[in-house]
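Next come two complexes built around chain A: one with chain B, the other with chain C.
Here is the complex of A and B:
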């Protein structure tokens, strides 16, 4: 087993990176693959909260790096999914406690035992972001259909291109179809047109995401939620399955155009 | 340490900086490099470094340490060029390149500007994304889009075979005859010499257009075959 390391990034804060990591991890692990999540947001950790594992933290990633514990000791097993682990960030330190090579070393140690390593990148394009992308085999860029988030995603993609991280894909999060119809929100086509990278999923705006994040049970476990379904579909696409986009995304022949666009550039 | 310049040589490549080290001990050289970077932060900020270490043998931890030190200074190490196969292997293990001949895309660009004249153009064969900035003393031709947040400053003309959505300044040294052409001309900001275009009222036309100065105002005309 050699894990694929996937970093979830965005540039802008608050677009749903942590939510995406938690949900993809849960969806992947529920499908029976071994997943470990790494919270890269040192000093502002919250992946543990979204995953409902906050009260189990003993050691964190900085403890591993500074040799106070073994990697295994910092790995927290999920409450429900035995194949899902979390390595939390440190809350009392800052990004400078970690270097790109530390991240690479930790991921190399994890690779033999897992199928996927998901890294939650902090917002911004500074040290923490560089740490998070250093070990990545693949980067998923999360954006919202709004101008500022797309601008930052564009900047991040530019940096990834310069770093020769070739395998990038886009997640459009919190799409509100009603607003798009009224021309009050960027459409997925507008976003893809500008960013020009392949699309791996569109997640509709859904209140249940907030509710379940607060409860510490990611929405991907909720079979009724449309956002949950979208995350489960992205997880399947990550595993290499061909999954059609949600009905909502198909409206007005969008699906055909999306396919053209996503196949447009590699 | 007394003569840094004799220890390391720094040369601009089309996609980063090539630092060549001499045969002095490694600690001395890496210290010299770091102090040079600290001394010229503005120059090195965001730079990509390729390190030519000749026939020295570097250990993994030395390489890792240097990369981290550079990373703290917002300098990224992307290649180690070495005559020693062992060191090359170590570098590859860390995901570093070991050749610089392959063209690499960079975010910031530096160009050889010695022989630029009114017939020299810089050809940019990719989409310029937010944060990219191109400054050139001749003309600039882009095959790709110029996204919002990207910026082109040229002393001559700017031609974009794609969508122009970023900021562009043609004739930046005052050439009022400079023009800006694009297949889709919807820049956030467009300036020719000292005159700026009023871009707030522009709408997408879906046609190739050219902006130029006429009567001290920047105007935009749709390209017509035969004009």
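Here is the complex of A and C:
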């Protein structure tokens, strides 16, 4: 086994990075692959609460880096999925406690035992972000169909290009189809046209996401949730399966155009 | 769309973002772009007669590639004489 390291980033805060990491991890692990999540947001950890694992933390990533524990001891196993682990961020330290080479070393140690390492990047484009992208084989950029989120996503994509990170793909989160229909929200095509990178998924705005975070059970486990289905589909695409995009409004031609933009068809 | 009343907000968002992203990506402010245009036109008009009213110079984007596209009509000698 050699894990693929995937970093989830966005530039802007609050667009749904942590929710995306938790849901992709749950969806992948439910499909039987071995996944470990790494919370890269030192000082502002949240992946633990979104995954419902906050009461199990003994050691964190900084304890591993500073040699107070072995990597295995900082890995928390999920309550429901035996193939899913979390390595929490430190809450009382800052991002300077970790360096890009620390992240690379930890990921190299994880690679032989897992299929995927998912890294939750902090917001911003400074040290914490640089740490999170350093070991990445692939970066998924999360954005919302909204001016500030798209602008910040473009900055992040620009930095990834400059760092020669290949295989960057876009997740459009919190799409409100009713607003798109009345031309009061950027459509997925608008966002793809502006950002110019391939799409890997569109997640509809869905109240069940908040309900699930309240409970600490990511929405990907909820078979009735549309957002949950969207995350499960992204997980399948990450594994290389060809899954059609959610045809939310059954708009003629939209799906074809999206497929073209992702390069799945020429 | 203007005959349907005010522009819908998604359209404004896209147009504004297109301009902002060009400047973010190229680190070129609108003022710098304008003075660059003036300089380009000055150099060209030293050699040929150009129709300065019809000149179009703009940064366009194609995927993640930015390009400076200039459309500079030249005045033909005959037209020049006639005018």
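The definition used in the following text is that the second predicted complex is superposed on the first by the 260 of 266 C-alpha atoms of A that agree within 3 Å, B and C clash if a C-alpha of one lies under 4 Å from a C-alpha of the other, contacts with A are read in each partner's own complex, and residues count from 1 in each chain.
In the analysis below, a contact is a pair of C-beta atoms (placed from the backbone, for glycine too) under 8 Å apart; a residue touches a chain by one contact, two chains touch by 3 or more.
A quick note: this is a predicted structure, and the numbers were derived from the prediction, not measured.
Once both complexes are superposed on chain A, the partners chain B and chain C clash.
When the shared chain is aligned, chain B and chain C each come close enough to touch A:161.
Of the two partner chains placed by superposition, only chain B is touched by A:127; chain C is not. Using the contact criterion defined above for the overlaid structures, shared-chain residue A:96 touches chain B, although it does not reach chain C. Of the two partner chains, neither chain B nor chain C is touched by A:55. With both structures placed on the common chain, the touch criterion links A:184 to chain C but leaves chain B unconnected. Contact with chain C, but none with chain B, is seen for A:197 once the two complexes are overlaid on the shared chain.
By the touch criterion defined above, A:223 reaches neither chain B nor chain C.
In the superposition on chain A, contact of A:151 is made with both chain B and chain C. With the contact threshold set out at the top, residues 147, 151, 154-155, 157-158, 161, 194, 196 of chain A are in contact with chain B in one structure and with chain C in the other.
Of all residues in chain A, only 146-147, 150-151, 154-155, 157-158, 161, 180, 182-187, 190, 193-197 touch chain C in the complex they form. Partner chain B is touched in their complex by these residues of chain A: 96, 99-101, 104, 127, 130, 134, 147, 151-152, 154-155, 157-159, 161-164, 194, 196. Across the complex, chain A is touched by residues 8-11, 13-14, 16-18, 20-21, 24-25, 61, 63-64 of chain C. Contacts from chain B toward chain A in the complex involve residues 48, 64, 67-68, 71-72, 76, 94-95, 104-107, 126-127, 129-132, 145, 147-149, 165.
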